[in-house]
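Below, subunit A partners subunit B and then partners subunit C, in two separate complexes.
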Partner chain A sequence: MTEFLIRRVLQSLLVLFLISIVTFGLIHAAPGGPTQIFLSPGLSQEAGRIQAHNLGLDQPVYIQYVRWLGGMLQGDLGQTFKNNLPVSEILWPTVQNTVILMGVAWLFAMLIAIPWGIYNSTSEYGISDQTASMISYIGFAMPVFWFGIMLQELISIKWDLLPLSDMYTMGKEGDMGDLFMHLVLPVSVLTLGFLASYVKYSRTSMLEVLDQDYIRTARAKGMKERRVVFRHALRNAMIPIITILGLDLPILVAGAAITESVFNWPGMGRLFIEMAVAREYSVLMAITVITAVIVVVGNLIADILYAIVDPRVQIGRKGGVSS
Partner chain B sequence: MSVANLKEIQPEPGHDTDLQPILPLPPSEKPIGLWHMAFKKFMSNPFAVSGLVVVLFFVIVAVFARVIAPYDPAAIDLLNANLPAGSPNHLFGTDELGRDILTRLIYSSQVSLLVGFSVALISVVIGTIIGSVSGYFGGFVDTFFMRIVDVMNSIPTLFLNILVLSIFGSKFSYMILIMGFTSWMGSARLVRGTFLQLREMQYVEAARAIGVSSWSIIGRHLLRNSTAPIIVNATLMVGGAILAESGLSYLGLGVQLPDTSWGLMLSNAQQFMLVDPMQALYPGLCIFLVVLAVNFIGDGIRDAFDPRKKVKIPRRRLQQWRESFLKSKI
Partner chain C sequence: MVKKKWTSLMLIVVLIGSLLSACSSSNSTTNPPKEQPKPSDTKTEPVKENTAQTPKDGGVITLGTFSDIVTANPLFASDTSSGDAINLIFANLYDVDRKANVVAEPWSLAAELPQISEDSKTYTIKLKPEAKWSDGQPVTADDLIFSINTTRNPDVGSPGISSFDKVDTVTKVDANTVQIKLKQVYAPFLYSLRLSLIPNHILKDVPAKELKKHPFGADPTKTVTNGPWKWTEWKQKQYLSFDADPSYWGAKKPHIAKVVYKIYADQNTEVQALIKGDIDSVSAIPVTQLAAVQSKENLNVVLAPGPLYEYLGFNFKGENFPGNVSLFTGEKTRQAIAYALNRQGMVDNILKGTGKLMNSPFLPGSWADPGEAAVNYSYDAAQAKKLLEEDGWKAGADGILTKDGNRFSFELQYNTGNNRREQVAAVIQQNLKDVGIEVKPRGIDFAAWQEQNINPGKYQAILAAWSLTDPDPNSESIFSSKYFPPGQNAGWYKNDKLDQLWVKGYSVVDQNERKKVYQEIGKEISTNLPYVFLYQYGTPQGLGPKVKYAEEDKPEPSLAYGYMFRIINWWVE
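Right after this comes the complex of A and B.
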């Protein structure tokens, strides 16, 4: 176990290091580099040069990289090019907002999807199973923003039931009831997307387990079906589900970007899009790296959990997740 | 077992002599190969066929857009702005600048299909090359490529696309290339997994024993035997790419004005939601239909190549069998 742990942690660190190089390299490969980009409008050449010097942009690239990485490791995310604002000041509130939105949607989807998938595995091709498979077809093919816009038109504009967009009504910041009303629409949009895959996953995973010999043995011993499903099958079916949750983390983190834009939710995804348009590279780099850290750590945790529940993993899979 | 064999079996003495030996089904005129069988299975799947019909419809619309479209997609006609659907001369109405919505929908199908197919092609080609090399050779090469896959998978694809597009600019050709280069990881893993299984097969070992070169084994044996999963994956990638393009265009980072795309039309429609709520319906419906159809096709192909899924024998063939069976009894 210890060896497995050490190997996986080292591997994750390597991946994170590579990500930092890729992100930094990508941005500094931009035609002209960041200096050129922010020099262009509204600044005299002299002022631009001073600004570039203040931000360390006149240094060689590798020195810039080491400085940037050092800053990141100490929690200093840098400053914006245009107004010299610290990136962390802009970023952290949006991270919180994204966590609220995605957390609620994800929990909601899991609470529906897993029991539903289990039920469907016990009555394959029944009405409930067919409905779920229809929902997953729809969920995979429907553009999230279109679904969002349709909901806005119908529920917010035509029937005037729920607020159209934003996180709070003006002047009601911090009011839980108001937040709840604003959450309903984006959460329903996101839930549909999650449901589409999770119901299928938990159903398939359960079906695979229910096909095993030990399930037949349990049934042959005269065990009640309920006990077979919940005691014997469910425990083992949860293992692949855990991994999928780990693999889905990037979707969880970034998937909100479009939904956030539709509903004007002040989250990290929307900030990323805004900053991409404004070419605020320090913010983009910070978000990319933070997301990558979340994803890599999430996968690491999922892998370790997997290894704990399923001891075969440590022996069988020498190369970690990917092999 | 052949017919001759069965006739040799004699009922044991004392057994019921009425018992007739069971005749096997008469062989069909031609042997049915894997591809032929898959095609038959595909065509007997109503979802897959309807998906194919829808996609073909959109392909025809896209190819003949110039002929079909009643107006110029970028022609501005302020006198006829914001007409509702069903107006004379403008079947689906016009937008806030008086551009005909039907025309723009037709021209958008070009963008979506082009992006869908070319992105899928690029990413599957890259994924197949990387996947087969690391699946066949293993070792250091494998570790190297799989770490790259890990790195790429750790940055959400949407973020990566946005980041690169914002750096290099949203030119249409760039967009296709970028989307292809950021989405090959799935197919690489798939091909690698298939290769890991296949390379242990005995025919591969035999090929290696008689001195076939590695590249020939990859090309001639391993790749050919993983065609089915690769095709399925490619089909499903088309739908994903169309969705991704519409998302990027909706965010203003994909297709740029005066060109048009369903995603761009949706973001425009959202701004004028209060004036004309119906405008947002059509482009979204088009995306939904195309992606649904492509996914149906992909699932159809997967089922067609899946030996566990049973073949549906057409009624005509059954009838033939029954007749010949009855004849042989008399």
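Right after this comes the complex of A and C.
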């Protein structure tokens, strides 16, 4: 296990390094630079050059990269070009806000979807199963922004039950009750999105397992159905579900740009788009690196969880699964 | 600082483009009556709901916006949001009235209009002796001199640098009087004097290159101001708040106790917030949502178009065309295109009445508007065909015109995601097809477009816009051959007569003299057509029921920042 972890961490570092090089290169290769966005048309060419020089933008890209990497390794994410704000100051609050929003929605979706999917697998094509299918179709087919707008229109404007947008009412920052009220609508939208796929996955994955010979054997032994499902089937069925959850983990930090925009949630998804338009390289790089780290960590966690739900999965052995 | 004078015009395609682009919606049935542009027509929709007589002190106004500020330091601001914030917390040296004349208002720092010397090169400015910074220090000649000299210093990197490129020297006469000497007579300089000042006593020892990193303008507690409100909070990407400054020096105090400037990431949500009453003003309602706002009885929409116009720009450089010669070299050809376009149809159907036809680069109703002197090309396909024939174009086998072996087919570029331009480009394509010209519309990502096409002047034709944030009519930098790419004359347009007229227009300070020159320019430019001027357009403002003002203080859409025109006199109920 330890050997595995060390190997994985080293691998991950290499991956992160490569990701950062590629992203840095791509961002700089994109047409239009920060100077073009924030320098006004009135600025003379000469003055523009002076500014580009002050910001180090006249250096070759690889030198800029080395500088960025140096800062990064010392925990310095850099400053924005436009107004010289430290990137960390912009980034961390938005990360937190996004984690709150996405985390709640994700947790909700999981708590509803997994038990529901399991239940539906035991009564295939029953009313509950049909309902879940219906919800999944709606969740997949309906554009998120549209659902959000409809909720706003109806619940917030017409009936005036919940706030329209934002994270807190102004002046009530930190008030949990207020935060809760603001969470309801965006969480509903996001939960529906997550739910759509999670219910399907857990149901299908359970069905596959329930079809196996060893389940038939268990039933033949006269074991109670409850015990068959929870003791024998569930553990195996969890493996693909964990994979999906692990893969979705980065979304918790990366955020959902559209939902965040519609509900004016001050999160990462929004920030990323804004910063991409403004060509704020340092913020974009920081977001990319953070997301990449989470992807890597998410995969690692999923791997470890495999071993917990299924002891046959032995991490670190060649061949992975051995019996 | 947009309100300051940098070059007379700037390309603003991004913001305005994104404003008006959105999902399409049902047709509005509440189109306002169409009007022909008239001189002195700065009429807005009736604002009766918001006009009232007795001001009340106190209360909060919440202004909605679509992007965060970059900085509150007047030296570095060049975006609209930063300009909004600066307008609240800094007094200007001079302001403009509704007709865009430079004036010394009770809330301006200057005591009176500048005295201009005989040779029109020296401006003497007197500051109000009572003007004070929020830390109690007086606003003095030193502040003005420091502000101008810092802006002029290329090491500082101020976007306002070109506002003062004609300045020779700035000297102190006494504690409240400054003399500015120009290198040449330059009438538009008057508008450069609308600047906000930066405090000499706080920033004088900061090295030029370090100014951008100084907390002045970034940290509310370290931003010493001199306007009616002071800056109290900046919650990044969420909101800013401003409280009436109890120590404000002006004789007229602001009525509104607190201004909240709230940032929305999504235009639809911003408009919904206005409808719900979360915010009291939206400075730009997307055309697609206009009907929804207009249908609410308690909301008021200010419809008149803003200080910007859209145009179809021709490129005159031969190497941008396959035959190595521009398709647009013939004056009659360009006039034919102008006749072939149904501009009124665009205003009615795409802008939903929020625009006005333009025939020259001067805003209808402004003092420089040439009015009838500029040629108006009404929609007339027959006339267009006739002119094309006179210019030597003959229909080819495929129905497309040809001349000297060149097929009349060109690419029309605009920025992707701009819904309005997409629609206008389609209309142009159809209109010109009717007269035998093939148009291939092409949307390009804005940043790439600017870098690869506009800046180097490499395109055949573009659909773009200019913002006249500076009320001065001087547009030399976009039409004179002195400003070929990388300058702003991206279409390589050259007209010797106009080149001279632009210079003449700014070389005399008397407005009546200038007016004559701009009449002449209007006539020449609308005949020679470097662009087909399409329409003046705007972003309607929406106001909630709380906001009140007297008739003379109502918003003025034709001015930059006109949606908060004289906000010092507004109040909330």
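By our rule, the second predicted complex is superposed on the first by the 263 of 323 C-alpha atoms of A that agree within 3 Å, B and C clash if a C-alpha of one lies under 4 Å from a C-alpha of the other, contacts with A are read in each partner's own complex, and residues count from 1 in each chain.
By our rule, a residue touches a chain if its C-beta (ideal position, glycine included) is under 8 Å from a C-beta of that chain, and two chains touch if they have at least 3 such contacts.
Owing to the predicted nature of the structure, the values given are computational and were not obtained by experimental measurement.
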### Query
If you stack the two complexes on chain A, which partner ends up touching A:T288: first (subunit B), second (subunit C), both, or neither?
first
### Task
Considering only touches as defined above, state whether A:R279 meets subunit B (first), subunit C (second), both or neither.
both
### Message
Applying the document's definition of touch, where does A:Q74 land relative to subunit B and subunit C: first, second, both, or neither?
### Response
neither
### Task
Quick one: classify A:T94 as touching subunit B (first), subunit C (second), both or neither.
second
### Task
Using the touch definition from the top, say if A:N264 reaches subunit B (first), subunit C (second), both or neither.
second
### Task
With the two complexes superposed on chain A, say which partner A:D166 touches: subunit B (first), subunit C (second), both, or neither.
second
### Message
Once chain A of both complexes is superposed, is A:V22 in touch with subunit B (first), subunit C (second), both, or neither?
### Response
first
### Task
Go through the superposed model and pick first if A:T2 touches only subunit B, second if only subunit C, both, or neither.
neither
#### Entry: Shared contact residues on subunit A - subunit B and subunit C
30-31, 149, 152-153, 157, 261-262, 277, 279
### Query
Which of the residues in subunit A end up touching subunit B in this complex?
11, 14-16, 18-19, 22-23, 26-27, 29-31, 137-138, 140-147, 149-150, 152-153, 157-158, 250-251, 253-255, 257-258, 261-262, 272-273, 276-277, 279, 284, 287-288, 291-292, 295-296, 299, 319, 321-323
### Query
Which of the residues in subunit A end up touching subunit C in this complex?
30-33, 36-47, 50-51, 54, 82-85, 89-90, 93-94, 149, 152-153, 156-157, 160, 164-167, 170, 260-264, 266, 270-271, 274, 277, 279
### Task
Write out the stretch or stretches of subunit C touching subunit A in their complex.
6-7, 10-11, 14, 67, 70-71, 76, 78, 154-155, 157, 159-163, 165, 209, 212-213, 218, 236-239, 260, 262-266, 268-269, 272-273, 275-276, 278, 445-448, 450-452, 486, 488
### Query
Hey, which residues of subunit B end up touching subunit A in the complex?
142-143, 146-151, 153-160, 162-168, 189, 239, 243, 246-247, 250-253, 263, 266-267, 269-270, 273-274, 277, 280-281, 283-284, 287-288, 291-292, 295-296
